[in-house]
């Protein structure tokens, strides 16, 4: 938790810097906007965090959100039932997670290539399914989930808090969570300690998919429309958020709280760029550079740690 | 001292210093003192390149061939003959040279074959060819016959004799007595890193039962074992063992081991043998970490579930040889490591209660006297002995009744060893059972109630307490008959 | 190298696809269409060749598509501003090489995991391309490039000639030069190479550098085909390249690579896409089908590796 505190400090520093240099930063609407956006990023990154904790990776989360959202939207429109649509999105997200889990455990494929293949498969299916159409115009009640406020606070923040709480309980107060950390820290030692590794990995990937499905619903509510390309730009920021938050690609180290802080950091940077009217096209570049930097810090930290063993 | 055209055999127990010597010879390790003379001149072997230049070639057990390059490319890796265009390889010349080398060794394989397509024996020949292509005049071979069939061994020895005739000096590391007497000219026994005896091998080999010449065998065994101070680690040896906790019948595992054994409550049973005998493989098979092909394993009367998870649930525990890579999560805390195998038992509802966890962890830490400033300390900062205690503590928290220890005292100091054996003693006194794999024969003799001996991947005998001695163990472990 | 002593499975797949599409696809089995497959596949082959080397050494380069797009934008912009074709091509190649070297340094010298790092350089390249163009195409590139692209040396379309040339060069290097041996050794038994006294890191970085360079050079073909430079023109092409390499039989371990297999893989993907097109299957489903194809190829590959490993062997 010490490292999370440091990162929170970094967030505070960035925020302070921005409020001093940029006029429109320290206003209530902007702060709330940042929190809302960070929450959305966090929702997607939370499932991803779990997979990375096991020294794996789920590259398909972004595409999963995209397709789940499109499916949910379609069902909502055609059946008139928000609940049914939401259930569809959630179920499909989980299904993708189950398939990912099977590829990793039963077929023993390396996670990054298996989920990378899944990413493109989902992307292709999304484009084919939507056929260039856009679905929009949902009920205000539903839209409040993404764009609304409750007690003055944007609703997604409550969803984020719920995810954080649930995820935090899972990782710290259940045996499953501890086993996940053990698997990430040393998979073979965990196996030889009697942990059912394959079962846990399946669980983690399924959860990752289900959380992507849930995130899709919130995204849908926020965007108030579903198009084929919503998922594309989501993967890189999610990975960035997880890595900035201190979760190590080598597994066994990290936390959901860290991912939240990472999401905040990233959102702050992007927000700062937007407020200073920097061309939005710079964002993928900055995100990419941040990812490389975060990975480098991760590797150096690990090398230094291993040197003292 | 090795003369040209002779085979000098190095014999010694595990850890006697053979591998270190080999690594010094190939330039991978630096000696602290002493000197190496090649051709009567002092030699400094600072790197593999130096070794190569001086004509020393070492053939390790793990080959250094590239699987998907052909034989000629493998032999000349890094020294390929150049073609007309700089950077290209003169393939014709390279293959011709390779052909010549392989013919000299009697290897009748096309030089264009890829390395991975060859059997182990043939790969070994290619390794030798590689060494020869560097004009090696001193060849060091480490357990060359470990993976060979009898016929292949015969062929290898023909080549070795041919090399001798060409004046190559060969250092041959092995523990297979029959082969040593067949091919060796001199033999040196190493113990604890020192040369304790060197003598010529009589060439009187008409009688293949020369191995039965107990005078020779006894001399060797006695030299290898030396005279040791007996230590006492056990309060009291087990007079009346309890129920059978582990019963293994005709086990055959995928990794090649086979055997039958029993371990009863209250006993410390040793599993002895030389490197390569298959002890760790047997332990892994019993524990479910490697797949079993046939036979049965029963723990407290019942067959355990699948894999290590099933074994742990049935009450088995494994303290692995490589504690850092297989027994611990170095980046996690002492508490987390200690509780990892006992999670299911301590928290059957899957809710992890922090208070209970802390209590259970500190309980184990106290019981084993694990030296750590706090349970939250990361395990990687602990000493070797304390890390080992954490691994043992893991199983205490899980309530195991049957423990497999694989080389438990490797890499820990004398004081920690004593503590560890007291822990084992207390474990079995309270009704648990222990199967201990160890290459430290004095420890086996001092700690175990009885011992099984393995050789060539099978259990070949059992020594009861009265017969348990280092000589007997070694004799059983080496006797090839 | 070249495990292709046995016929790669992809060859059978290719033949089956050719037969199926010829029967069920109207207009598939015509010369113009076949040539079209070749032309479309040329750019992919230019990327798949270095990708083969990268995957052979247990690496990955996800940035190739983005780098290609960026190089294309650079190429088009320089042409639009009146520079000569040679200069513009050199610049594009330089951009590609720079990214390739960056990837190599990050992966080899800093030991960062390839897939995440190249994901990062993907973002950087993509971002640069978007910033330079504001998201728009760069048109008005003059006649020199289109003319070159349309030309038919020896009666064969320029792009196919380029791709064939690249294939021959790569093949020659892998089979007949020291560097080629070292690349195979890097993947198969790195220690052997170190013990042999070779500068392993240099070879390893060079592999990624070549990947970047080829991405830059491929911009020539892509820009020529589109007569414009577009920042997102080649997005996702690295995925096709990875798919081609894996389908062609190169595996992630042990230095088992085959350029011929990659060629067959490229053709297979080209035939698959073209055939599905002819049968009016939407292009997005084609992408999905390639995803499934990759997963299937991986499963087959791991099954074959398991079969090849003798039972009971201890490492």
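Which chain is which? They are A, B and C, in the order written, and residues in each are numbered from 1.
Just so it is clear, a residue touches a chain if its C-beta (ideal position, glycine included) is under 8 Å from a C-beta of that chain, and two chains touch if they have at least 3 such contacts.
Remember, it's a predicted structure, so these values are computed and weren't measured experimentally.
Note on connectivity: the fewest chain-to-chain touch steps from chain B to chain C number 1. Chain pair with the larger contact count among A-B and A-C is A-C, by C-beta pairs in contact. Chain B and chain C have Cα centroids separated by 45 Å. Between the Cα centres of chain A and chain B there is a gap of 46 Å. Rounded to whole angstrom units, the spacing between the C-alpha centres of chain A and chain C is 30. Listing the residues of chain A that touch chain C in their complex gives 57, 59, 103, 107-110, 112-114, 116-128, 131, 228, 236, 239, 243, 249, 279, 281-292, 295-296, 299, 303. Interface residues of chain C, counted against chain A in their complex, comprise 60, 62, 106, 110-113, 115-117, 119-128, 130-131, 134-135, 236, 239, 242, 252, 282-292, 294-295, 298-299, 302. By the touch rule above, chain B contacts chain C in their complex via residues 48-49, 64-69, 73, 77-80, 83, 87-89, 91, 114, 116, 253-256, 281.
Across the complex, chain A meets chain B through its residues 172-179, 181-182, 185-186, 188-196, 252-253, 305, 308-309.
On the side of chain C, the complex with chain B involves touching residues 1-3, 5, 176-179, 181, 184-185, 187-189, 191-193, 195-198, 254-257, 311-312, 314.
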